[in-house]
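Data block below; observations after.
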Amino acid sequence: MCGIFGIVGHPEASNLAYLGLHALQHRGQESAGIVASDGERLRAHLAMGHVADIFTAPVIESLPGGAAIGHVRYSTAGGSRLKNAQPLSVEYVGGQMSVAHNGNLVNAEELRKSLEADGAIFQSDADTEVIIHLIARSKKATFEDKVVEALSRVKGAYSLLFLTEKKLVAVRDPFGFRPLVLGRLKNSWVLASETTALDLIEAEFIRELEAGEMVVIDEDGLRTSNPFPPSRLGRCIFEHVYFAKPDSVLFGTSVYETRKELGRQLAREQPVPGADLVIAVPDSGVPAAIGYSQASGIPYDVGLIRSHYVGRTFIEPQQSIRHFGVKLKLSAVRQVLKGKRVVVVDDSIVRGTTSRKIVKMLKAAGAVEVHLRISSPPTQWPCYYGIDTPSRQELIASSHTVEEIARYVTADSLGYVSLEGLGNAVGDRERTTFCTACFSGKYLTGNFAPGSADEEKPTPRLVSA
Amino acid sequence: MCGIFGIVGHPEASNLAYLGLHALQHRGQESAGIVASDGERLRAHLAMGHVADIFTAPVIESLPGGAAIGHVRYSTAGGSRLKNAQPLSVEYVGGQMSVAHNGNLVNAEELRKSLEADGAIFQSDADTEVIIHLIARSKKATFEDKVVEALSRVKGAYSLLFLTEKKLVAVRDPFGFRPLVLGRLKNSWVLASETTALDLIEAEFIRELEAGEMVVIDEDGLRTSNPFPPSRLGRCIFEHVYFAKPDSVLFGTSVYETRKELGRQLAREQPVPGADLVIAVPDSGVPAAIGYSQASGIPYDVGLIRSHYVGRTFIEPQQSIRHFGVKLKLSAVRQVLKGKRVVVVDDSIVRGTTSRKIVKMLKAAGAVEVHLRISSPPTQWPCYYGIDTPSRQELIASSHTVEEIARYVTADSLGYVSLEGLGNAVGDRERTTFCTACFSGKYLTGNFAPGSADEEKPTPRLVSA
Amino acid sequence: MCGIFGIVGHPEASNLAYLGLHALQHRGQESAGIVASDGERLRAHLAMGHVADIFTAPVIESLPGGAAIGHVRYSTAGGSRLKNAQPLSVEYVGGQMSVAHNGNLVNAEELRKSLEADGAIFQSDADTEVIIHLIARSKKATFEDKVVEALSRVKGAYSLLFLTEKKLVAVRDPFGFRPLVLGRLKNSWVLASETTALDLIEAEFIRELEAGEMVVIDEDGLRTSNPFPPSRLGRCIFEHVYFAKPDSVLFGTSVYETRKELGRQLAREQPVPGADLVIAVPDSGVPAAIGYSQASGIPYDVGLIRSHYVGRTFIEPQQSIRHFGVKLKLSAVRQVLKGKRVVVVDDSIVRGTTSRKIVKMLKAAGAVEVHLRISSPPTQWPCYYGIDTPSRQELIASSHTVEEIARYVTADSLGYVSLEGLGNAVGDRERTTFCTACFSGKYLTGNFAPGSADEEKPTPRLVSA
Amino acid sequence: MCGIFGIVGHPEASNLAYLGLHALQHRGQESAGIVASDGERLRAHLAMGHVADIFTAPVIESLPGGAAIGHVRYSTAGGSRLKNAQPLSVEYVGGQMSVAHNGNLVNAEELRKSLEADGAIFQSDADTEVIIHLIARSKKATFEDKVVEALSRVKGAYSLLFLTEKKLVAVRDPFGFRPLVLGRLKNSWVLASETTALDLIEAEFIRELEAGEMVVIDEDGLRTSNPFPPSRLGRCIFEHVYFAKPDSVLFGTSVYETRKELGRQLAREQPVPGADLVIAVPDSGVPAAIGYSQASGIPYDVGLIRSHYVGRTFIEPQQSIRHFGVKLKLSAVRQVLKGKRVVVVDDSIVRGTTSRKIVKMLKAAGAVEVHLRISSPPTQWPCYYGIDTPSRQELIASSHTVEEIARYVTADSLGYVSLEGLGNAVGDRERTTFCTACFSGKYLTGNFAPGSADEEKPTPRLVSA
């Protein structure tokens, strides 16, 4: 997953981009990059690691100019290399351009093959490079027309920021899979994946870009258009469930309030009569756990403490430690749990291994019953639109019933929110404006090119958009 | 502040020391070190930074042997240098010795002058080096007798772990200022500042060392003694209020439960009739906020989100951002706060500047009233026993009334737990077994040598122990 | 300038590539890279810095396979960035390919514009990327036919190594500007810029590739062809004068012997009657100084000592030091120079500033006369074929007579080898097989696209090839 | 081995110290450090590595003040650790002091044991720490009297620079083993191991300190005294043979000229009639090779090229390469050597393994005869005074005749300069002013405590001083 940020018309553009990216750090921790334009040329700095470590004062000073875009990228297994960092910058017939992309294309491999057949060369694994090639090959006159032409050949999820020497262009795909918001800071325009980035730099939140909207900002000001054919909406419901930062406003509603409402819904759908307390798997499970507590009347408490100091890798002793991986991140509060019947709320179950470790840890700490409640439906299908889920085989819910999962994770009971409940909680009762593919298998694009992941991810059921 | 860890009798001693230090990382993030003994010689590795970054597999392999001690050190202003990292290792007439120290001596400067007058040289700023010199000069026959002789000249707070080629010695000062617990992992003995370190490595918690107790572990097994004159107890109450990790059991009671009880006590002493919700300043204020909510019936909610990605320094734009420092760490959840009368619970107020930023942030996010509640009494006096508090002048409560502080931090009301309430919450109604100097000014040692801090920290009222 | 190395058919290909690049380190110190093929895919490691620092054992292990190519790159002002490091690797319709290039194209800018007009995007500044694009767009069936088609559109200097999953292709341009030699190590074939790399790894020197020759090595063995139209030769004479390592055999003759012969020729053309001793500017001036001494009978001695520890940058004190830059690299031996009439031999004069500092240093150390002798003709013209010379304006000899230069560098006399003498020394009396453009202005290519350097480098006289 | 540098009275003291250390880098490449005084306190920076890498502009700025001392340290096996880096700085009863030491004490172990018995603790392995302890324990009134008292208990080799807040003290031991020179730069005094450091910073060479001389520089100016009992001289002859930089003036004569004279003496004592050419093992053998050529009339030439890019470690392929270690550093010039009878001149033979590789390399490159000539007598005895020689067993000449060594290194003949010839060349015909222990076994100190090296280094014959 990724986060993007752009700003035009501010003398300290790259400094604000860096702060904006820091606010979006939860969307990607592998690499970060900023490209700035001083009106004449683009300058870039990209590196592996966290925003706060990469962008020192001398680096920021080396990125002068009134416009900048930035990107944070998530660490996906295998593809963790600097050459995949973004924004991706190239020279082409129109000069210089740079792009920051959040999302994932489903016909990238097909387009890539066709471009290669036509002589294109590729230097990264990123699907974003396909977009760049399509723009460079467009015969349209203006940059924005080239972008429109290129994107009309592309299918999938994209919130994009383009920067040229003179112009910033922002586009959100017609389904609106990934968020993108517009803000205003004095005389400058700001674009960001989430409103939390606007809040940090004290920019005013103007509105979310519409699905399929393109915004162009240059010396003539801001122009907007919607150059793509209309489509149904497919806003990513998993952003609300897990991915976005709770203080953001996403697709028109508060992430925090949505999660709390999911907790309330969960309490209604999956009650645990006689439980002593509700705890969360921190930090992502906290809002739903509070909602659960409110709706059920069962007291909320803190049964698991999250460490602030989790590093990349730890050396396990040969005489190994039970629940090692989880224990380095979470500690159980024995005195809270001892002798209690506990409802533990998490946002989702992926492989089941972590949930299993957590349940066992809670019991080892004295809980007499552990009832696992999940504030979303079973995750059964991989995401092709940018969320970094594993292949279908690895998703425990794709091949196990709820009861089997409960047994595997050793919980006394297990309950999920229903798909209907989820729709209600996000205010989409008919479930026609969100993409729920990871839960429902209903993919909104009729075209797939999941590339090397192909072999691992089985063909999903396709539905027409 | 610091954390210490020791283990004897385990083939992977240094690996377990590294995991134990990781669990104690909250007690010090500046530097970390491990010294291991293979029975013949000591080997050390010390570095600036976090445990998870310092101890890679090759480093652990370079520290063989069945015994190890380790140390994490807090970053105190100015003294942040590798030569102050611990464990401190030397050669002396008896061979090699290494020491890890949690606490602070009050007569170090005086002893240092006397040792220097006698020809000693000092290579670090640490008061711990004084102890080393006293041991090296002792004419006693055994190592433990040398340690006792040395410590009998020393005043202040110390939980100490000594490692020689053949022996581990653990000592807690007669006041018992700093915690130190004993655990058992199969055939090995474990010592640690807090029980959370035992939990991580799956060691069984045996008991806390008594104040003034010395434990010696060598090939003959474990021996214990209490070689110092009896003294009243002075266990650090601030460990319970803020410092220790909530899942630890400290001085006989659960840190988490103590903090929740402080929240309940706070609700009783400092109610906010008509408030809409209780929120915490995360993470340290969470348990007390939950306690406050439980006792008051006002719903608990999450109004501030803590970022996981806070780095050391950030570059502020010239056109500066309101509440910049706090905002990088905390985000306000607008939808929770909007139009609400909010009780916000924190553990303490030091200078007042952070509280002021937080209150203003909450109001900017829509809170109509902000009532600040502190789960400890006003912090008026500097700590000379190891907690890294600023000088008296900088402590806002040393020169301002509660009302003045409320006005400064722009809160609609401000309330602290009383000293009595604090005593009750920790189960020390008479307040005779805890050190409360930071709140009461009643210092338990009649001798001060606060060194360079001297000029900044005004002479406190002294009370006889 | 750059050095290249390739090997096929050896189980430790990347390790030998690393040693070969170390032997070629004098040809480029900015960045280094190796790409290896295990028959299925290419793996690359590129970094800024020296070969010995970049290629650790784990890095070498991450580059498995029986074939590898490598590259060292010189630090040219401004363009010092990792993205310009080589080998340059891409995916295209035919799979993966990687290329290492020594030389410089003169029509790169023109081709780049044409490729861009056709939709190509460029990620580096290197002219090598043009070649990659031309190959990717070729419709020929085999990789080697694509290479030939691509190179037939390219003008300038190139010794190239291509690596695909299954094949290594080596090509030398029809002028033969840059060297490229073929060697044999047991069952493997080796290609290198200079014979010194063969010597280090104990490969047998088979022969130099012919100008315009293409060698293809794959599972069917080695095939050679000469697919380009015949051309006059244009072997770079500056390789002999300065660039190559003295122990190499270059264009059929020993570099060391050639330089010594240049020194003898210099003695004949530019004698210094009555001089007391001949010294060299180390290390490049040593062979010619010895030759001068032999031919003139004036004793050779060491008047300047070269430091082994020269770093990238030094901090000059405000109260500045005379000849600072040169002094950090060279020390004068006072006792050798004192009171003497000294002949000092260097290989060339570029801007004149270093020569001036050296002459002044020698006089400050006691030399009563300093006669500067240069073992090549005046460097008057910039090189467009890969040697990193400054623009014409900066070349002192382009606008100053020998007498004026002598006055500027404060030498008592100054003498260069004549163009005729240079031709004789390299065994090309008619000067029809070497490129002497830097001395004569006779460029062998009728087409220039020196790109951004264009503005700085004045139009040279062109001669037909 | 080590190099030291000091300066008093210059506003950019630490910057000049850094340049001075760079000029002395050949005396030690393991670690470097500078300590500066601003009159109030000392500030230090020490690190592993080369001077040019360690001292960046911000580091130099962090070392303000008008006085500074610096140190470069040689990498001795095993003891390569930052805690052994110098200058060594401590606090003691008199305030702060820092010391930089070139040389080696022979009674350090004995003094260390006695100090430890008296309660001293040691943090490094360095004998220098003994001196610090002795000073700190002295009851004398002034710093210089403390220094004299301390040094009167110490035996061995020392050129020392002490820095306190207000004073620089320089001392050379009564034998004068290690060099130390005094210079003047405008209003500041400079001290350095060798004159080459004065030359670099343009300081005037005043004179060498006398053996046993102490120089004190403070606000009252420079005072000199000779506080130790008179002794015979024992200036290290190996400094002239190999260690010092050739452009330095050492013990009153030019290093370069001494080495050339050694070459001439070698030609007289060990002629090679009928040889075709004389070559050197670069760089240290060059002056003697030129001297040999001059005295013998056999032409000097360059048969071995030294690489400028030798790193710390190289990865040898499994199918190993002949003469691997030497080949990475030296390349043979085949065309110079082919078919020739070659005299190769080196300064010394230690273990014989390198010489053997060089001889074999020369023959592999075509030399028909290789006659090895050494510009010093056989190295038979370890040095206890600061030169990093191996133990006696490892010195090939301690157990092999010249003929046996010739056979081992596969040379056609081998010849050394005689001890008499060496004495003549350095102008000490009676050999009463130099230490020749490494060649003669005549150690000048009657007391040894070579510590852990003890077991490896056999007891030498002792002679009275």
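The first chain written gets the first letter, and so on, giving A, B, C and D; residue counts start at 1 in each chain.
Here is the rule we go by: a contact is a pair of C-beta atoms (placed from the backbone, for glycine too) under 8 Å apart; a residue touches a chain by one contact, two chains touch by 3 or more.
Keep in mind it's a predicted model, so treat the numbers as computed, not measured.
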{"item": "Farthest chain (mean CA position) relative to subunit A", "value": "D"}
{"item": "Euclidean distance of C-alpha centroids - subunit A vs subunit D, Å", "value": "62"}
{"item": "Subunit C and subunit D: spacing of chain centres that average the CA atoms, whole Å", "value": "37"}
{"item": "Rounded Å distance, subunit B centre to subunit D centre (Cα mean)", "value": "49"}
{"item": "Residue numbers of subunit D (touch at least two other chains)", "value": "none"}
{"item": "Overall pattern in which the protein chains touch one another (line/ring/star/complete/other)", "value": "ring"}
{"item": "Complete list of chain pairs which touch one another", "value": "A-B, A-C, B-D, C-D"}
{"item": "Partner subunit D, residues of subunit B touching it in the complex", "value": "89-93, 113, 116-123, 132-133, 136-138"}
{"item": "Of subunit D, residues touching subunit C in the complex", "value": "12, 15-16, 18-19, 22-23, 25-26, 29, 50-53, 55-57, 60, 186, 196, 199-202, 245-247, 249, 254, 256-257, 283, 286-287, 290, 294, 299-302, 305-315, 317-319, 321-322, 327-328, 331-336"}
